[in-house]
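Two complexes come next, and they have one chain in common, chain A, joined by chain B in the first and chain C in the second.
So, the complex of A and B:
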């Protein structure tokens, strides 16, 4: 196993296959470039966000966050996420179930359409809904006759965010469910379980980690969505401002500290998301190892 | 609980998986559905279970005079054992077996203590005592299949359906498990149907064997019946090796080379009409020069004596390959040198009439 010429110098960056390894020098340079790049484009900006946020002390930071408009933006963001994430979770599970477990006409078309929100620029998504619900849009005039306004209200925000974050849960679950097949569910049915019992006791535990993974990514995107919300919200401060819009507004007003204070909240969300994501990825890898019999046991 | 299947058909798109199949399984019987892949055997099993719906217009499925054709799979009271076990991977062995009891409606659900007692009894029945807390991935294939069987038996099914139950196991474990399944069936007497493509398995385990091909039942009968009295060419070929000779009809008798066989209802055949004659490898006898019995000349190409019988590969009168199996004592009396000319007498041969040849 050990290669005498490299083993002593590369104890901490051991090559995966010693006989096919580059010289230690090349290896270290590559690792240094990768780490340096990540530091430059990811860690440094993140650190700067926090540095500016706390630049004028904790008091200013807290005051910025307690500002009424900021609180309203945070509240709207949380409400939006609270509506959109469960909606797309339920939809995602149902759609994934249909795709993975049934054969039907138009299945490949459905899979393609499900990916559309990722393919379209968020600004265009916003424009589509303005065309649909705007004052001169297709449905706008009819709706306004009934006294319903959608564009420039939180409803529009929920709609575009729901559209933009739709694929996360479905995409995560389809491949998982397809790999697992439906034999366990059929076995549960032959044992007398109802459809709901089968879902709750068999399907849900099997897709648990994939579902959590999809949900946290969906949540992160729901809270961070900017482009489409920018178009449909009308940016009414204290009413239709979400956190990303509010950050931009504060920045444009040269309120750098306040801007970065709110930004730091989203940055923290990102960090939490990444941590949960790593844990879930580790769990999924472990479950898959168990399912394929690679697990050493207890 | 008997099972009656009447005039069932099933099509998948343009593929006819089952064509007008009828089958009667008597109460307490162990039946094997035997056939090559694509013969419809698994489809038939899944229709009996309710996992597939038969095409409308057929006669339906009855369990002991009760029509279950429209009943949902969860209400049919069948135990189903899947080829790849389908154990619940996130549950322990105990929870797997207890599942069917735990999902019962409250008023039918046994108490915790009763469930526990039942699961432990089933574990003892399938000889897995002490493994209750293991998870499926910690078990061998044979153990997993026995857990699947215990899980199916826990709900006291009216009928037990097994889809290639030993298909994913290695040869030695298969042997053990099928003998064990037969003993278990003799203990429980639950009406059982199992699907297999392995003729040895079907002949060894089942009370009756149902041979299927292309969505139809070719023959149903006891292992002895289907093996010794195959109803047609397909059954004969599928249940073990068979040699085929091309012959013709001469004076109302099938003839291969110079060997005329005993007439087998050949009255309707035209003179000179070609026929195919089938002979099992163990239905040959190698005879000496002094023997006057009618025979076929053949030349030994290969002798393989490691195994329960001695297998010979020969070439027949028109250079067709011929496989012969001889018991060891008989082979030892003969000179089986490669290249030697020998004479083959036929103990038994079969000629099928035109209606059956496919």
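So, the complex of A and C:
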């Protein structure tokens, strides 16, 4: 264990954290700067969204968000997220499992490919799919002969959002799984568990908080994605407008209140996401604390 | 560990929140999608027309039902005019296009052959059922005494206009100033003179003066936003500048109650004419069995109702009857077109707005 002199000095110094031994004046100025910056950059814009949204009263606000086109935009956004998030969760777990627990040829290439959606600008992602499925694109003319339209439909929106949010779960899990190693799984397999049993009883419980964290980030991005969706949606009001697109459209129509009303809904979704995320982070920290606490130590 | 909620439970909370929202919005009384419509056509339009077409579509649906008994619906797509044209070429199944520039519809006709190249002759008034021009938005009482383009070049006047490299309306602003200067130098028959070799020397001198004039206006530009919407924001919300140049119809749209916003509108008497044009995308409409409906829809734009509606949305109507009615709202102006003065949009873009073009030259100095 630690030597006695250190522990006694920590005991005496306990009320005062040595790192905070600056004069109170310096401390308060630093805190004020930090808080001021956060309020200016984060809280003030958020407050303004709500101020403008309710600027003309609750009646106008409700009318704005109950408009048929707005309702359709909210519906499309939620449906898109409901398809994309489970898809990328399942895929993310499979990919992370493969990368973290197995060695195979082309693994680093796979990791690079998985990071690609983050490296490419969303607008370019949209353009790629226009080039692929557009009337002047590679597959577009063939598909339209069969009467299949992909670009400028909700299907295209789901595809680009799925592409853009693919890395969230994988990235979150790969590092976690690699850190955990595969000893527990090997033990389970040795004891006669099947592959699926091992995954369900050992791997999944180990990664669950990381998984939820990835899912939340994926969901937030799926709802908020703008650039790539703008390119492939065709912006048909009430049909292929998602919430971010609809906010921009209302703003361009000089409907400031309506635009901020929809923006406030998206902001509320973001706040819900953040709250869930904080809970998850707290859980992760707690689990780690328990894990290290149980650890007999070196 | 066992006491902690399962991942599923936690995520259920989040999904439940979303489900609640869905339930609220799916409640009766909102989200009437007119599922009963027998047929629908898609109108791909530009940004500033949403209010106008919303009212027009309802009336057209009523009109069509009275005439044929069929229930129809018009779906709308709005966006930047050029981007909308590209979407149609890439397969956005528009039955009709109602865009800001004839050039955008030309591009669709040339590059994708979805409509014949002579589309512009198929409807009255060059297929432009409403027009617009540029207006000056100034502070109430016009404290800086701004009436015409030359006032923008006066010392100390702060002008708000977006960047012509990124904004469509900013290109119109620029060309309007340029054309105004030519008109001032060459007289009211300047278009004829520009096509007359006998006046070549005068024209060359006038072009030089115009260039100097435009440069002096751009020296007065206080904030150069990237688009019309943000320029309007700069002028109205942030209160910067003495004058904002924007579409006559959009300036009035941006602040329906100009008086309450402490603003007024000045329309310069010599200016540029914008002709937003409309066309049936014939191959798409035919494939979707909508040719009759699409044609009737565009013809409806010339009806008394539509012309009157255009006037209410501050577009300049084209039929005699509506023009007479809105004469007080739209004072008679001397308007020139891009074709007359600049030899068409392609040429104007090439000379003025390409990399290293005239705008780059005068703005860099």
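FYI, the second predicted complex is superposed on the first by the 270 of 298 C-alpha atoms of A that agree within 3 Å, B and C clash if a C-alpha of one lies under 4 Å from a C-alpha of the other, contacts with A are read in each partner's own complex, and residues count from 1 in each chain.
Criterion: a contact is a pair of C-beta atoms (placed from the backbone, for glycine too) under 8 Å apart; a residue touches a chain by one contact, two chains touch by 3 or more.
What you are looking at is a predicted structure, and each value in this text was computed from that prediction instead of being measured.
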Touched partner set for A:193, first chain B, second chain C, both or neither: first
Chain B versus chain C as contact partner of A:212, first or second or both or neither: second
Chain B versus chain C as contact partner of A:183, first or second or both or neither: first
Partner chain(s) touched by A:169 [first = chain B, second = chain C, both, neither]: neither
Which superposed partner A:125 touches (first chain B, second chain C, both, neither): neither
Touching partner for A:156 - first (chain B), second (chain C), both, neither: neither
Superposition-derived comparison: chain B or chain C, residues of chain A touched: C
First, second, both or neither for A:254, with chain B first and chain C second: second
First (chain B), second (chain C), both or neither touched by A:74: second
Chain B/chain C common contact set on chain A: 205, 290
List of chain B residues in touch with chain A within their complex: 49-51, 72-80, 82, 84, 86-90, 99-100, 103-104, 135, 137-138, 148, 151-152, 154-155
Residues of chain A that touch chain B when the two form their complex: 183-184, 186-194, 197, 201-202, 205-206, 290-291, 293, 295, 297-298
Chain C contact footprint on chain A (complex, rising order): 65-68, 71-72, 74-75, 78, 81, 130, 133-137, 140, 144, 149, 151-152, 205, 208-209, 211-212, 215-216, 219, 234-239, 249, 251-254, 265, 269, 272-273, 276, 279-280, 283, 287, 290
Chain C - residues contacting chain A, complex: 1, 4, 6-7, 10-11, 13-14, 17-18, 21-22, 25-26, 29-33, 42, 47-48, 50-51, 75-79, 87, 89-93, 112, 229, 232, 250, 253-255
